[in-house]
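Below, subunit A partners subunit B and then partners subunit C, in two separate complexes.
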Partner chain A sequence: MDLLDLIDLVQSIADGILFGATYAMLGIGFTLIFGVMHKINLSYAAASVGAAYASLLLMTGVSVPAPVVFVFAALCGGAIGLVVYVVCFRFIPRANPLATLMSTVGLLLLIDEVIVHATDGGAKSYPALFSDVIIAAGAFNLRGDLMFVFALGCVSMVVLLLLLYRTRLGLATRAMSQQPLAAQLCGISVDRTNALTFVITGVVGGMAGAMIGAAIGVLSPLLSLPLTVKGLIVTVIGGLGSIPGAIIAGLLVGGFENFFQFFRGVSERDLYVMLLLFVFLVFRPGGLFAPAAGRD
Partner chain B sequence: MFKLSAALVAAFAVAGLTIAVPAAAQERTVKITGFGAKTGVVRVFGINSEAAMKAAAEEINRTGGVKLGDGATGRLTVEFLDDRCNAEEGISVVRRIASTDAFVAVGPTCSNVAESLFGILQKKAGDASDTGLQFPIIADVAAKGGLAKISEWSFRNVPSEFEMYKALFAWVKTQHPDLKTFYGGVEKDFAHSNATFGVMKAQAEANGYQVLGNTEWLLADTTFSTQIREMKRANADIVAIGAHPASTCGALKEMQRQGVKPKLLIGLTSSSSIETLQGCAAQAEGIIIPTSFAPVTDVAKKAADQVAKFNGSADLHSAAAYEVMFILKQVIEAQKIMAKPDTVAADRVKMRVGLAALKETDGLLGKIGRTPDREAIKPFLFVHAKGGAWTVLHTPAGS
Partner chain C sequence: MDFYLGMIQIIGVHTLLGLSAYCVLLTGQVSMAQAGFFAIGAYVAGMLTVLAQWALIPALGVAGLMAGAVACAIGFPALRVKGLMLVVATVAFGEAVRLFFFNFDYQVARGEIKMGPHGGEGFRQIRYFPEHGWSTLDVALFVWTVVVLVMAGLWWMDRSRAGAVLRAVGEDELAAQSAGINITAVKVSAMTVGGVIAGLGGGTFAHYTTHIEHIQFGVVLATFAIAYPILGGLSNVFGTLLAVIFIQGFLVEGLRFLGDWRNLLFGGLILLAMNLRPRGLLDAKAVAALRRLFPGGKERSGAQAHGAQ
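Then we have the complex of A and B:
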């Protein structure tokens, strides 16, 4: 490996880590739902891409700056999150986790097909912020748009943590996560708390979808499935239910993805990322930051 | 007097009805069934093919319909079924069509469907030992080379990408003698992209360009930075991208970010569509793509307008579907196809024989030749993205 290769390798990993912020945001959504309801929402990434598409469709024919599109994506994400809760969780018996899992798989496919029918499956250009900004650091370049994605991801995570640990909703969410029965006895509404959790994760997902669209430059319905897989990998590696874990794992997966892309090419890249998942499942099944188990 | 007039009017009315009844009986509905992807990420191809077939049917009906074997006039209707770009679904759809009165089907969208589907047809017509399906199919979109040779019941009206890129690279050589090196970017997990990139690379080598390598990505990739960095390091004069619009746009946007500006950019035939311009018009500026359709002739312009009325877009794929409808009209009339429920088996044989006998048909850009192995030799031209639209760059001699 010569110096040029080394520079390219470091640059690739840096780009991957920055893009990994979007994986982290998806991981947060998966992990938050799991933390509160102990259930996996497999339609989350599709809903995120759906929210980004919805923001584009709502803005059709209207010339608005990129931040407005992003805000709309977040709002659409919140609305879709609520729909996901009502369709897949609200009326399905909680005692049957497989039923909710399968209903979210169904919704994943449904959302995908709705996107395809609304857009005829075509790729859509997505606006970006700071896409023409390149920050030079010696031999390395940092993309302005990815830096923005990274920064927004970090801000989202901080806001979420504040929400969880500094608000009554956060208190209710944590109570539901730790002792659902006791939380109900204390007067916490299960449905309201769950619904709000889905709306909040939906907002984060909408932003993640928008950031993914902005970072790639185009939205495609093809993105739903790979992003679902990446989100799940991040959630497992980070530790189911751990927000800091999802953040670190998202960045790690982004970096590893580009590392393997650099050395082994696109045909093998995902193979190694999946192997990483198995390594964690075998040697550290709780992930990087497995939360302490509740008393029950 | 009034009674006499009334009687005369009644008599004329009865006479008129008597004459009109056989005239009405001389007209039949002829249903042509198309199939392709109408769900999934290649839905746009099915939508466009359906629109093109309906537009062509309307035009044929408007100009008198089709003359059937017994002298009756056939009015064409189009039904389009969804195969979801899935081989099993495609086979199932065609078996369903073959169980009806249909004497031909038009489709499919995807080469993987066509390849499997043509495999269930009888390989050699008239071979009693082969129990394969005896049902003629003419493909409009599936682009992978040489598929029609799988069965004597399979036909295609798709351009030869080999011929198109052969002509393109030869033309580039004459127009840009200063260019020396070639580099590629290919969508690794899509058969058509891979196969066509292989054609591009071979033609680059055949024309004396130094091939510096290629980089790969996936159809649903989220990051192109590493790949485009490889491209940047190669610093080739010509960059050819063998990818469909979604990942072509992802790669082109990353090329812009990293300042990769090849002297010449060549794209995949399927990317000469409105999708690419919707996804990345600015970044695609200047990309050259060979195509078998552009609204450059009067009939092509008219066809494009008609397809648009059916909410479709005329491109090299849907234009093929439009042309197929006129080819079918030609064969129905030449072979005296009856289009009756009791003549289905005979009509299918006549359709196969008629399609196989074709040496030349009319196309939207000019005459379309037919090869002995049931493929089309279509005229083509080179377009490039300019100002957010596809404009004709060059029409090769003989096209």
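Then we have the complex of A and C:
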């Protein structure tokens, strides 16, 4: 391998890590919901893509600047999050994890089909910010749109951490995840806290959906299943319920993916991501930052 | 007529897939790997009849055993984790199997044409049934013979000690462990049995469709596999059958006149069913109600209703 190949490799990994910010945000969403409800929300990635699609509606009538589209995607994500909670979790008994698993799958299919129905299944182009900016750092080029996506991801993660650790809502959320019964006895409303958590994760998901649209350039309903798988992998590698873990795992998976894409081509790329997951499951089943309480 | 026979075949194969997930779900584990075992069964059986010119039944047997062996091997590392971790691990396994077959190329020239799995293009010309002059009716009867045998086996297992052990692990792992049950052994055996059934289903599937490719065995099929038993209820094997008929017969084929709207209703109806009947369409209560309606063989059913609670 000569120097040029090496530069290409580093460039490709750097791009992957920047794109990994979107995986990290999806991972955060899965982890947060699992932390509060101890249940999986399989419709999360589909809802995120759906929010990004919904923000495109704004573009059809009036021409608005791209940042407004991003904000609107986050708002739509929050609204969809609330719907997800009401439809899939609110009326199903807590003690029945299989039923909610199935209902979220039903919603995943429903969201996908709504998207296909509304757009005839074709890919839609999504606005990107700073796509014409390319920062040259020595031999490497950093793409402006990916940098923006990465920065946006970092900012939203910091805001989310502040929200969780510095506000009363965050306190209630964390109390619910540690001891639901004790939290109820302290006067925390279960439904309200759960619903708000879904809205927050929905906002994060909406941002992630918009970022994915901006980074790839197009949105397609075909994105939602692979993104679900990637988000779940990130959640497990990072350690269930751990936000820093999800962030690091997201960037790691992004970098890893491009590393293998460089060597083995795009058709085998995901095979190695799955292998990475298996390595983690065998040698470190709790993930990078497993909470001490156990691994379920 | 052929249309209905085709549908009966589809329902049969999907029942096998659902029953394979049913085994694992009895122990309280959600396995999304069933589509992977199904794929292994399909490719192995197809390669044996097409490339090695085996008869169908031994080929199916080997396919089932292969899938079961892989399930057993994957069961040990995967069942160290449970809950969400297991879902993710098995999703990853299923995807890894699919990607393996996406990159799997093994072709043998036979006369003019090359036969065998060909990467992304899939595995064409699994023509065992037409070559041996089986009519559609014969195929449907064959598929359902397999289904009935498997269902009878599971029904018998459910009422024996093995079924009680599986359900004990599913209800409360800690209690089962305290009662001296080796939960890892129970889970891995359930996974193995599930793998064998999925392998049989995959083998049958490969022969009646005559063309298989990697995309058929993705996450969607795995979701369907666990959807059948969950939607149908875990109280007995007929729940799974009912759910397959509900999904494949009613949602997929019966609503075809709705055109585009059918796909929209599909997810919505699953949502509705789960909200209204979170324990499945045929849950313990429904089974008890059916028993009251048809009070035949009272003593036996009384004992079983007790076991179901």
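The rule we apply is simple: the second predicted complex is superposed on the first by the 293 of 296 C-alpha atoms of A that agree within 3 Å, B and C clash if a C-alpha of one lies under 4 Å from a C-alpha of the other, contacts with A are read in each partner's own complex, and residues count from 1 in each chain.
We take it that a contact is a pair of C-beta atoms (placed from the backbone, for glycine too) under 8 Å apart; a residue touches a chain by one contact, two chains touch by 3 or more.
Here the structure is a predicted model, which is why all the values come from computation and not from measurement.
Engineer: With both complexes overlaid on chain A, does A:Val116 touch subunit B (first), subunit C (second), both or neither?
Structural biologist: The answer is both, since A:Val116 touches subunit B and subunit C.
Engineer: Per the contact definition in the header, classify A:Thr235: touching subunit B only (first), subunit C only (second), both, or neither.
Structural biologist: Touch partner of A:Thr235: subunit C, not subunit B.
Engineer: Is A:Val62 in contact with subunit B, with subunit C, with both, or with neither (first, second, both, neither)?
Structural biologist: Touch status of A:Val62: no partner.
Engineer: Contact-wise, after the overlay, does A:Cys88 reach subunit B, subunit C, both or neither (first, second, both, neither)?
Structural biologist: Touch status of A:Cys88: second partner only.
Engineer: So, A:Ala99: does it touch subunit B (first), subunit C (second), both, or neither?
Structural biologist: A:Ala99 sits against subunit C, while subunit B stays out of touch.
Engineer: Looking at the overlay, what does A:Phe278 touch: subunit B (first), subunit C (second), both, or neither?
Structural biologist: Second partner only.
Engineer: Using the superposition on chain A described above, determine whether A:Leu185 touches subunit B (first), subunit C (second), both, or neither.
Structural biologist: In the superposition, A:Leu185 touches no partner, neither subunit B nor subunit C.
Engineer: Taking the superposition on A as described, I'd like to know which of subunit B and subunit C A:Ala137 touches: first, second, both or neither.
Structural biologist: A:Ala137 sits against neither subunit B nor subunit C.
Engineer: Which partner chains sit in contact with A:Leu3 here, subunit B, subunit C, both or neither? Use first/second/both/neither.
Structural biologist: A:Leu3 sits against neither subunit B nor subunit C.
Engineer: If I apply the document's touch criterion, which positions on subunit A are contacted by subunit B in one structure and by subunit C in the other?
Structural biologist: After superposing on chain A, subunit A residues 113, 116-117, 225, 267 contact both subunit B and subunit C.
Engineer: State the interface residues of subunit A toward subunit B in the complex, per the touch definition above.
Structural biologist: 4, 8, 11-12, 15-16, 19, 22, 113, 116-117, 120-125, 131, 134, 141, 143, 145, 212, 215-218, 220-223, 225-227, 257-258, 261-262, 265-267
Engineer: Flag every residue of subunit B that touches subunit A in the complex, lowest number first.
Structural biologist: Against subunit A, subunit B makes touches at 39-44, 47, 188, 216-227, 229-230, 233, 245-247, 249-250, 253-254, 257-258, 275, 278-281, 283.
Engineer: In the complex, go through subunit A and note every residue touching subunit C.
Structural biologist: Against subunit C, the touching part of subunit A is residues 34, 40, 87-88, 91-93, 96-103, 105-114, 116-117, 225, 228-229, 232-233, 235-236, 240, 267-268, 270-271, 274-275, 277-278, 281-282, 285, 295-296.
Engineer: Hey, which residues of subunit C end up touching subunit A in the complex?
Structural biologist: The contact residues of subunit C facing subunit A are 25, 30, 77-78, 80-85, 87-89, 91-93, 95-96, 99-100, 102-103, 120, 218-220, 223, 226-227, 230-231, 260, 263-264, 266-271, 274-275, 278-279.
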